[in-house]
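Pasting the structures here.
Here come two complexes built around chain A, the first alongside chain B, the second alongside chain C.
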Partner chain A sequence: MAMDPLAAIKVTFFQECEEQLSELESGLLAMEAGDTDSEIVNAVFRAVHSIKGGAGAFSLENLVRFSHVFETALDLIRGGDIPADQDTLKLLLRSADVLADHVRAARDGGSVDEGRSHAMAEELEALAAGNGPAVAVDEDTGEGFADFEFKPVLIQLDDVVAELPVLPTVDETQKVKTFNIRFYPQVGLYQKANESGLLLRELARLGDMTATLDPSGLPLFDLLNPEDAYIGWTIVLRSETADEAAVREVFEWVEGDCFLEVAEEAESTGLASDVSPEDASDDSSDAALHASGSTSDDFDVLALIRQAQGAEQAMAEPAPVKPAVATATPKVDAVATAAAPKVDAGKSREAALDAKAQASARDASPQTIRVDLERVDRLIDLVGELVINQAMLAQRVGEAGLQRASSVAVGLDDLEQLTREIQDSVMAIRAQPVKSVFQRMPRLVREIAMMTGKEVRLLMEGEGTEVDKTVIERLSDPLTHMIRNAIDHGLETPADRIAAGKAPEGVVKLAALHRSGRIVIEITDDGRGINRPKVRQIAIDKGLVAPDANLTDDEIDNLIFMPGFSTATSVSDISGRGVGMDVVRRSIASLGGRITISSRPGQGSTFTLSLPLTLAVLDGMVVTVAGQTLVAPLTAIIESLQPKVGEVRSLGPNAQVIAIRDTHVPLIDIGRTLGYRLTSPPPTEGVALLVEGEGGARAALMVDAIQGQRQVVIKSLEANYRPVPGIAAATILGDGRVALILDVDAVMVPRPHDFPVLSDGPDDLANSILPLAQAG
Partner chain B sequence: MNDIAQSHAGERRELISFRIGDQEFCVDIMSVREIRGWTPATPLPQTPGYVKGVINLRGAVLPIVDLSARMGLGMSEPSARHVIIVTRIAEQQVGLLVDAVCDIITVDDETVQQTPDVACETVKTFVQGLLAMDGRMISLISLDHVLPERDLDGAGEHSASILAA
Partner chain C sequence: MPAASSLQVLVVDDQMTIRSLVRSGLQQIGINNIEEAPDGEQGLRNLIARPAHLVITDFNMPKLDGLGLLRAIRAHPPLAKTAVIMLTGRADKELVQRAVQFGVNNYLVKPFTVATLKDKIEAVVGALT
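Then we have the complex of A and B:
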């Protein structure tokens, strides 16, 4: 917490920028898909506007400059001056990419591709200048965009009362101008931690101001929602310096969260200062006339509320404010028409609900809090403890010989259920929608499409599918790679597609869904599919398979996962940089996931990733080896089998292989490999786990017995010790003891240097390792 | 350990003394987190014999070093009477298996005598100084080299990089 407050605010700003950017992009994509809802256009505009505003406060000039040009173009689209056609939207989407670059450059201190940014800014300006009535915008905002003169507003953060620089004054005369301003904050204004009092104070700096409180919106006490906004002000401002733009500037930050009307009086007489509340708000005084006397009971209560609020406002505002206590009465019908107060009260409640629904529809983003990840991790650790402790307790109770029906045992069952629920809920805190990864893909697709000259439409499904944050973080690279491949290798050029009788635009679909406790991600393209003869030929050329090998389609498809395989005939910019699908497969495997392909020639391919929902727990097979309990990751295990006499054959002086159907796989005794014992018991007395390593190689691991499947919480060995060869991590079992999790790949292909012979280790360890290495 | 010794130069320090066989040792109390009884450890493969294995310390995996074996005094045969001193070494927690904990002693830095020049690498590695207390000799030991040296299992890090890939 030693963080300098300014830096902390900056961090928040950039976090919000990310949110704004994603809102911007999803809005633009929705518009591209044909959604013409004005709310979307507004949301897009607001996103850029907020970034500009924040950037101005931090004097991030490049960001301000670009977002300003962007905003100007969006404003014209919002006003309907520029049609939001496909070309425009493509330009805007690319602009959004550049804006994202600017934000990241400002955050990480990097630099932006200036040429690209400049070209984009010019395109945007051309768009704005070419179509819109630029002059109107100029007047409206008081800022010229053609000459690029935007003055960032510097906020003194140590002083809440910002010294707003009066904008370049446009007024030609020194005449006193009178503005009649009606300012009615909406609830959003307060939710965003704005303060009407401060706004009024700002306004008061512009000249001689009289503000009149209009509490007529206040409902009856029982209808009053303390978190809603009911009151507004009628303000008369006499100023020699300010113009309308300057007045509006005061409210710039709350635009969209308040009702604001600024009218400049034609003649600057002294009358303005004498404007009475009745004149300022006719409708409310009308209501007052109707209401007076008829509902005196209510009136007393309302007066009290108003007094209280008036006092509060008076405290908040140094500007001369006349709380209009006596004059205005709520214009709620319930008060005005005494005849049917109850019915009307009901109506007004409905109206209030409607307004609320509208408000909540407007800011559709769910309510969230930001929590330090460390705190969540601590909570997860503690819950892991709780689970283990609960299991230990249950085991002790079992050992104590208590009946299963006894109250203690029943209570423990309840506790177990509760513990599981807590564990699930806590894990859910870390879970995030895959959207954060998916949303980077549209940009990637645009860029690759441009580079390859292909037309691509990206469809995304199930962005809301949730998975643990650690998994999300490590999904980005493999997905990027696979999408690149799908476009670069999968999709045909528009000409080829037309020739094949397809639409010129290729479709890449990215879908996420939950399936049996795992997350499944599918990347589908409607391209040409895997060219099997070519793949096969390449594999033969590279010596990956024997020329006379009889391969099924599936086996050929899977060849692309072999290390060193690359189908690109020319090394393109995009994929084919020497790393290929084997890297993807390996990174997926390191997450405990699997990847499969299905491909139909001429119709496209689908890559399916199946991943665990979290890296904190693992589905494991608990086994016993030489008196030790070990956990083997279930994802690596294909099957378990009982070796029979005659199936196990010796190969060389020490190695053994086992015949499984028609293939021979190395038989590895875990107990001896890990140094738990010097000699292996006969294989027929144990159980063999047929496992598949990350490279697709198989081996049979000998263990003494299988205890069963269990979900275990992964604990790091490195935290307090260091990596141990052959061991991936540790876990704590129900009896409270530590069990080690097997690193299947490391024990399968033990390289001599992975298992250094220690001075006090078993003497024949070296002998046991080397032949195995040769066999593997 | 050395840092603490320097920063407290001239000040009074508290030490925890413990016994291994017939010798008495002590460590700075600031590096001791807790003391607990022996629980069976899960042996780790491919580790030196003085690493007894790992135990569950409230959810953390805690390596146990047989201090007797580490200092060349012979392997302990852990029993219920043995004690694990949970210490913090750099950023890691390590449990030290000792025969028994004796005392908490308060000393001035000046009372710590220099280790006599003996031709024994182990002594040079572990013994920081000597204390004379009531006719007993207590060795103040440094914990910096209790865990196996990193380069001894550099290959282990190699296999970790495979995991991380």
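Then we have the complex of A and C:
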């Protein structure tokens, strides 16, 4: 290890800081949205507390100082001394931004905006002042607190068992009471704002609980009202502390809205002895385990945790309540089945519940490892090779004339299935929730709102939607830009909004979802919508469209994606830097994505991005051109068609257009463009692929024949060979041949001498060609 | 006088940074049998599976905090004698006072030096060799 250990730990620290900052922000946002769960408040506190703790270890004084002030305020909120109202939360969110700046300054050696940081710290101090006791910081010498006598407790190491002992079961048999509870909510329970899950969770606090769900009250599906309660529960509760009154108290609020029966079992004695021989044989492993008293499994932990949690502190959040609440443990299960002698049907169900409970216990603490990205990429490369090899093998087997049912062919099918699963799994390693990009947006929105004087609420949906890491990384800039645009151009000022009869606060919504193998991201604002007359006029003024062009609303909206188009009369520093939506469109296109817009005057606009889930594989159409095999990306292809005589018109010796419905698009022979042949065969003998390039421009690409659609693994030409004009990448086909993947945008760029057009925009192209074509 | 190399230590903290710092400090003292857990619950699971001589634990952690872990250790006879050192912040005097009631063996204020870490451990298990 070249790195000294402390430096390595520091790297870890900054990574953890990012996680904690993100937790801090999402926690504060949840609080802002009205969630006052103490676990959230505590997590928020803990995030800042942890940053401070780590910063102290590395003597990052500025970071320690700011996080200390921040922590003090949060501690008072946690203790209820300061109400977490909207103003306070806005302050805390801005403080979180400043804290993030401090962390990054400490990491990258930069500096923070001192004025802003000071002002923020003062605001936080003012918030804390006069609210509860100021937290006295004990000056600690490193040895101990001043004025505090503490005598370390020496232990005898021999007393501490060093090797794995056989732990005797905690003696709880005498005191434990067992309650058999039947809880059947009446249909209207939920309408009175009660919830079975919460009650069961409350009940689970009293002791070890096994709940068995009784779905027999469920009506047929078409009679089911999702707002009604149909499910009943049989519960076995074992508790050292609770009496019947305590159990009934849990159900106090639903008295009259449910059927409740609480029966205490006479005496609960030895555990294993309660299990009938029949059960013991079924549950032999569990029973044997308990009979022998050897308990290295989970149940003691759960029991101990509950014990430890008892009384004063409500620390841990209870286990998530599944439809069937089961803090099921092997031991309790055995008792439960003994108590309720409906063994057969219950057995497997309880086993399932048990498994589920264990699974959910595991879910509660997701195990993660940090892996060098290069290793994952290497794995992805190898899996790509595997896919290719498998395809080649399949083809050889087919060529060898083996029967479909032969063992080799069957084995190969299995291999194909496995290969696909491996590919999916490996891709899933790289997949990350879009959250990592989305979580940067709240801060952006706050800052732009402040700069523009607009009031904005950001709603986010589908942050858990997963997509390949590379896609995520390259999504950040376009999204940032579009959010800026939505606020700067889309939303009106509060005064304008009120005048338009809207709420002063504008809403920007960012949503992600999966749709047919792609990820779709929508950015919606409820602002004024696209100002079409203005957009049209600007496009005319800039010579982007003919003054007399007859454009649909949709076409006008799409003009904003044209290069050089900008509606801002002055380049504001917000939407800024002079780049427009064409840059956004290009960066989305470079990811194999598309962007569309829909807008309604006065009601707002929605930008929709559709992107592939990964950049490692591509859905392609395999075609033949002049004896060569090429792959065209499916995302670029709108349709394929067979040109008919009369549809194709010549515009001079080197240029042709084809009539597709009511427009004309350039007809480009791929074979000639790539230099495979000097003269093109008659278009009517080939197939035309109607494609759309990144600028929205369309063209028809002539190929000789279509072989089929296929998912191909992308191999970089730059990395393996050298860049080739008109070619984006390469792939290896099932028969082992290398096929080139077309760079659609490169081959369709119209050369000035070929096409008499004003620009390569989407619609003016057709408009400018149309008169010529009609004349010809 | 216990040999540092024979000592088994469990470090419980939700921050990997702090766990790594403690681990690094322990290694400098000559203690190499170190396990880590990210919260009290996992720490307790580890202890039940593999008991340790000494637990060094943070206070504020998700799921089960340091006090909860301490109480659980003291409540479970086979673990009850395990030595527990609490990691605390400078302002956490009250927490330490409460931990004393639950039988904490010692405490260690963050940030700490390796020398302090060694002193605090030796005050609990005796001078290390």
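Here is the rule we use: the second predicted complex is superposed on the first by the 509 of 776 C-alpha atoms of A that agree within 3 Å, B and C clash if a C-alpha of one lies under 4 Å from a C-alpha of the other, contacts with A are read in each partner's own complex, and residues count from 1 in each chain.
Everything below uses one rule, namely that a residue touches a chain if its C-beta (ideal position, glycine included) is under 8 Å from a C-beta of that chain, and two chains touch if they have at least 3 such contacts.
What you see is a predicted model; the values in this text were computed from it and never measured.
Asker: A:Ile9 contacts which: chain B (first), chain C (second), both, neither?
Answerer: second
Asker: For A:Gly693 in the superposed arrangement: first (chain B), second (chain C), both or neither?
Answerer: After superposition on chain A, A:Gly693 lies in contact with neither partner.
Asker: I'd like to know which partner A:Pro433 touches here: chain B for first, chain C for second, both or neither.
Answerer: Once the two structures are laid over each other on A, A:Pro433 reaches no partner at all.
Asker: Between chain B (first) and chain C (second), which does A:Leu717 come into contact with in this model arrangement: first, second, both, or neither?
Answerer: Once the two structures are laid over each other on A, A:Leu717 reaches chain B alone.
Asker: Which partner, chain B or chain C, is in contact with more residues of chain A?
Answerer: The partner with more contacted residues on chain A is C.
Asker: Check the residue A:Ala57 against both partner chains and state whether it touches chain B (first), chain C (second), both, or neither.
Answerer: Second partner only.
Asker: If you stack the two complexes on chain A, which partner ends up touching A:Gly736: first (chain B), second (chain C), both, or neither?
Answerer: After superposing on A, A:Gly736 lies in contact with chain B but is clear of chain C.
Asker: Quick one: is A:Pro681 in contact with chain B, with chain C, with both, or with neither? Answer first, second, both or neither.
Answerer: neither
Asker: Looking at A:Ala43 after the superposition, I want to know if it touches chain B, chain C, both of them or none. Which is it: first, second, both, neither?
Answerer: second
Asker: For chain A, which residues belong to both interfaces, chain B and chain C?
Answerer: On chain A, no residue contacts both chain B in one structure and chain C in the other.
Asker: In their shared complex, at which residues does chain B touch chain A?
Answerer: It is residues 40-49, 51, 53-56, 58-63, 92-94, 147-148, 150, 152-153, 155-160, 162-165 of chain B that touch chain A.
Asker: Of all residues in chain A, which touch chain C in the complex?
Answerer: Chain A reaches chain C through residues 5-6, 8-9, 12-13, 16, 39, 42-43, 45-46, 49-50, 52-54, 56-57, 59, 135-140, 142-145, 148, 150, 152-157, 159-165, 167-168, 170, 296, 298, 300-301, 304-305, 307-309, 313, 315-317, 364-365.
Asker: Could you pull out which chain A residues touch chain B in their complex?
Answerer: It comes out as residues 381-382, 384-385, 388, 586-587, 590, 628-629, 674-676, 715-728, 730, 732, 736-740, 743, 745-746, 753-756, 758-761.
Asker: Show me the residue ranges of chain C that touch chain A in the complex, using the header's touch definition.
Answerer: The touching residues are 2, 6-8, 14-18, 20-21, 24, 38-42, 44-45, 48-53, 60-65, 67-69, 71-72, 75-78, 81-83, 89-91, 93, 96-97, 100, 103-107, 109-113, 116, 119-120, 123-126.
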